[in-house]
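Following this line, the structures themselves.
The two complexes that follow have chain A in common; it is paired with chain B in the first and with chain C in the second.
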Partner chain A sequence: MSLTLFAESPSIRTFLGKRAIASAISLVGLVILVFFLSRLTGDPTALYLPVDASQESREQFREIHGLNDPLPVQFARYMGDLLRLDFGMSIRRAEPALDSVLRGFKWTLQLALITMSLVTVMAIVVGSLAAFRVGGVFDRIATFCSLIAASAPDFWIAIVAIVVFSVNLGWVPTSGTGTVWHWILPVSVLFIRPFGLILQVVRGSMITALSSAYVKTARAKGVLDRPIIFVHALRNALLPVITVIGDQAAGLLNGAVIVETIFGFPGVGKVMIDAILQRDFAVVLAAVMVTAFAIFLMNLLIDILYAVLDPRIRY
Partner chain B sequence: MTDSQPVRELPSKLVQLLRMLWRDKLACIAAAFLLLVICCALFGPMMLEDLATKQNLRGRNAPPFDFSKNWTFWLGGDALGRPLLARIIVAAGNTMMVAAGAVFCSLLIGTTLGMIAGYTSKLTSQIILRLADVIMSFPSLLLAVIVLYMLPASVGNLVIVLAITRIPVYLRTARAEVLEIRERMFVQAARVMGASTPRIIFRHILPLVFPTLITIATLDFAFVMLAESSLSFLGIGIQPPEITWGLMVAQGRSYLTSAWWLSFWPGLAIIFTTLSLNLLSNWMRVALDPQQRWRLEMSTQND
Partner chain C sequence: MTDHLLDVQSLSVEFHTAGGTVKAVQDVSWYLDRGEVLAILGESGSGKSVSAAAVMDLIDMPPGRISSGRILFEGRDLLQLSQAGRRAVNGRKIAMIFQDPLSHLNPVYTAGWQIEETLVIHGTRRREARAQTLDLLQRVGIPDPAASAAKYPHQFSGGQRQRLMIAMALALRPDILIADEPTTALDVTVQAQILSLLQDLQRETGMGMLLITHDLGVVAEIAARVVVMNSGRIVEHGSALDIYRNPSHPYTRDLIAAAPGKGDLPSNTDRRADALLDVQGLSKSFGQFEAVRNVTFDVMAGECVAIVGESGSGKSTLAKAILRLDEPSAGKAFYKGRDLFSLSDKELFNIRRQIQMVFQDPTQSLNPRMSIYELISEAWVIHKEILPRAQWHERVQQLLEQVGLSADHAQRYPHQFSGGQRQRIAIARALALEPELIVCDEAVSALDVQVQAQVIALLSDLRKKLDLAYIFIAHDLPVVRDFADRVIVMQGGSIVEQGSVRDIFENPQQSYTQNLLAASLDPDPEIQAARRAARSL
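On to the complex of A and B.
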């Protein structure tokens, strides 16, 4: 594999540089938006101090948390701190905001990784088999199931699953973390939509690949069905699939907000929502940036995967 | 030569499309169901508003399938004894309105910006694309959650936020298509004949881009509906006493163990509607694509 060569080539460096700059611009836009919007929700002082707190203590609270200055000054100071990778302090927990966020992010990342690995493997296997006999029984069942899966609202599936599997059957706990059993419901619920969507793409892309000339050649040579599907066709069909997997992995964070709320999972989505409700601005901003950064890294990984899978692609 | 053989009159475009739809039974059922939902959304709120809000504490959490009662109670009653079926029909109004509003706005703005980005100078194009990048760099639902927690909750805000998060989809598609189409011969011919830029964009390029965009919009309608339901479920979308399907699921959540039907039926309504939209969009992808349409037309002639 020419991977080492690929990493050292100057074009990849300019490509990475360009991507980093474009992402940095997006990130700054996002930070500006969230910074000023979050200030609109009101003054944290009213939330954190008792109703009968004296004027002096209110002033003192604002002074400590830097809420006294005009907004542009606050923003400039925030951006300055950010350049030194200081994300500010959480008002609620009196710890660096980044710590709160990373603690939650660890959970979400695990959840996303487990779900996405399962989804990828299952969707590729089922999709390839369905594409092998288009219009067959297996294909029809798989297609219809994937459509239903792609149409299901995850919050509804989550609460129906809780009623059936936790309350009525008592197989798994309703919420929280701790044992392996706690992971089953959240992962299954998060699994459904990406599985349906990716399965459709795998199937479509595999149908194209299987009808191509090189597959016919391989078949004429007498190559067995299984190597044809999983070796010859799959590698060529994988590029569009990877795009969708990337999309869905980022979208998993969407679903995670809901699933984390319903299952009481201490992930980054829950951290973010709690922080908004408690006007803990530094934590909201840190959560936004950590999430955006993770997505940036993932997109980069996908671009590199493209080049690894398809040697014709060079940046 | 052509004079002696009378050309068979081809039926109009619409009739052709409807015939193609009739051939594909699944797509046909989906279209019929969507039509039903649209009727509910249009007329339901007018006709059943009173019925759906009238409380009847004797019928609290009335179980479903009790056919001795009024038909509106066939799916049971909610926690305040309001008939669920009537409420689902009325809620279709808000659910559809928010989704349709958001999809329409994002389609309109996204397409316009995309076509401008595809057809004008590099600088404008770059600015527009970077704006799309800002929106795309973050999960759309998460962004909507943040913004909606900070803005006061209202139908208008919900539509705006959902529309903004979906703009990049249309923008990128429109731009990519325009970039390809603008190099074709007929566009150059139009330019040579002195057609103005707006005329080229709207009269020559738009009709070719439109089918793709409509197909995406159908699919996106399902996505936006799910997003709105999720937001309403989280309590930051539509606020009571207004209702949507997502909100109904949320309201039924506290009675899950004693009255499952409160959350179950509205959720089923969401699934069926999104499923129909997905089926219809799959069919449209083939039917509206001139290069693939023969697959459907072939079967028309064979039968």
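On to the complex of A and C.
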């Protein structure tokens, strides 16, 4: 079914091409914006060299990192390197900027994948069951909890969770990575808000689907309740849901900056915030581009998922 | 004790809503035997579908509640069964098909999968189910079963979708088929095909069939016995012929009297000389697709010209193109000698008030957030020259009375009215601009027969009083026969035939028109029986 999707439609290539071009244009805009804005934060030389460093060593530092040239020249050089997929060197770490970013991105990707998988499964199951008996006890509890979850400030929960579960109870480590235990708090904290939000979308969408005419047909055919919910209604109800899932996942891929910082989690969010504070421009730009590219890929995935789920959608 | 196949006894169903308890059906009893067709006849809101929904366990409880009664199937009371027990009966012993098969088929699964599902959930193995599905598709007349099984509902036509529903319902050869308005959304020729398919299948399998309908013609074509319902109660019960010939209840009498298409045809009169609207060579394309092709006709002042044709024939597109709601691709349309298609926006604005439109669904065409006063007087906000503001109030009241509503309705909102009343409001809104030509796009199609008759009477009356001309777009031939002076028959975007009502109905020249007329159902069971006999020869 999903394979014929591509075989049957030659326009899918046109679609992908158009999307790629549109994304490339916005990516260039993003690079321009970030390149010049980050330069506004000041001269890295002041940060990296000791206060009493001589004028010559300062000049030398600027020369090495190409900070002496006028901004347009710097920019042209940067874009030229970029075309060869050279993202420049990290000043701080003296390694290719892309390496620093990808190292962080690997962690973020894992965190986002684990969190969003849990969120998706839980929100769909709980939301569907809540929608099946609207106004029932289960529905009321689920709606109440989802409202709280959707409006909870995650940085506050993160800090309280560290105080309660790490400091007072000593069940899990306060920060860092290394064992499974290190993942529990970051995942749980990041889980809460998307869960509340997506649960509400699933519930609303499922209520519509369950009151539809084709569900009536399924009942008249003798289909039992569980397949009615999870086979007949769910697939129809998923379209608005995956849009919100994509939106939330994009938020996590961007680096859950605050939560990663609080938990000392070495994700791309932390890499980015450190790079900004350290005026490590090449790393900031590489991080922005890697996350933007990831989000582009994910949006594409969502568009394809749309067409897979709903045969009426063809590109 | 009776031993009917299905026996509904003193069934009462109520719905608990915010507005209070609604008694949907009260003390309803009917039975169905193997091999017979029973029709439940009623208008919208009569409760005709409720008892069938109760049989199929399709009533949502809450808000619904079955307050009394029994539903005996093969001697067992279905209402005493567990939910799993009910679902085991559904689809295997009693199956159901619905109006509007597009929304009743799941859009995201293939036709084949949905038919297989009926078989599989009741215990057939997947592989066997797949083979049987192809046989079923073949039997209900779907071309190329193997390819069709892999298609999705939106890839079929309306008639084919209903065939899919029938295949799905009859997969396990149930004892009973319940058909709820199975042909209402379909074109007449397709309706005739679906009804004859149902008849064939019923004879073949010997099942009992319950047909829920508002259409006397459908009853006459297919049913042996009829139960007539009104306001949640059964008012009459008997053989289809008896009830048609000798209705005993006043409601049934009114219903039969309201059936359109029985009066004498008007004799051909000379047309007036001055054409109000003269359409020449109108075409309208959407990309490659030519929806309307080179259409030429005219409408005289005070004349009613009906445009008939099946869905997709381009009749609504034609109307929209004339009004420039959709810009036409080619052609001219002279209104009082001026070409509508070459007018500037400003000139068009002035002339548009003389041509008004009444749409099919007043629920959608009237803004629900505007009061009736606002809806009608908006015309004068836009066209200030018609009426000074001081007189608006009085005029709205006049218009409401003219369309058979009362003056104090002006402060209400559309949702507070019935479908027929809403259509009257839509007509009053059109009249507010003092038009000379009104385009009615299926304006009475969604209305119950009696209401339909009233609205048609209103339109005729207004026509005489105000010397209005109508373009009356319809698919329902009997209504056209009663109301129009001239008929234009369209097919695939072109006019196949046009002439006076008398010529078209008594002496149609084109085979397409002849088929259309032959497929239209007469409310008289004897006439339908004679036609059936003639067909099978």
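Keep in mind that, in the parts below, the second predicted complex is superposed on the first by the 306 of 315 C-alpha atoms of A that agree within 3 Å, B and C clash if a C-alpha of one lies under 4 Å from a C-alpha of the other, contacts with A are read in each partner's own complex, and residues count from 1 in each chain.
Heads up, the rule we're going with is that contacts are C-beta pairs under 8 Å (C-beta built on N, C-alpha and C of every residue); 3 or more make two chains touch, one makes a residue touch a chain.
Bear in mind that the values here come from a model prediction, so they are computed numbers and not experimental data.
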Exercise. Which partner does A:Val223 reach: the first (chain B), the second (chain C), both, or neither?
Worked result: second
For this session: Look at A:Leu16 in the shared chain and tell me whether it touches chain B only, chain C only, both, or neither; answer first, second, both or neither.
Result: neither
Exercise. Looking at chain A, does chain B or chain C touch a larger number of its residues?
Worked result: B
For this session: Name the contact category of A:Leu300: first (chain B only), second (chain C only), both, or neither.
Result: neither
For this session: Once the structures are superposed on A, label A:Ile162 by its partner contacts, choosing first (chain B), second (chain C), both or neither.
Result: first
Exercise. Now for A:Ile114: first (chain B), second (chain C), both, or neither, which partner does it touch?
Worked result: neither
Problem set entry | Residues of chain B defined as touching chain A within the complex | 130, 133-134, 136-142, 145-147, 149-151, 222, 226, 229-230, 233-234, 246, 249-250, 253, 256-257, 260, 263-264, 267, 270-271, 274-275, 277-279, 282
Exercise. Within the complex, which stretch of chain A touches chain B?
Worked result: 22-23, 25-27, 29-30, 34, 37-38, 40-41, 147-148, 150-156, 159-160, 162-163, 167, 250-251, 253-254, 257-258, 261, 269, 272-273, 276-277, 284, 288, 291-292, 295-296
Exercise. So in the complex, which bits of chain C are touching chain A?
Worked result: 56-58, 83-84, 87-92, 95-96, 98, 100, 103-110, 117-118, 121-122, 152, 154, 165, 168-169
Problem set entry | Touching residues on chain A, where the partner in the complex is chain C | 212-214, 216-225, 227, 232, 235-236, 309-312
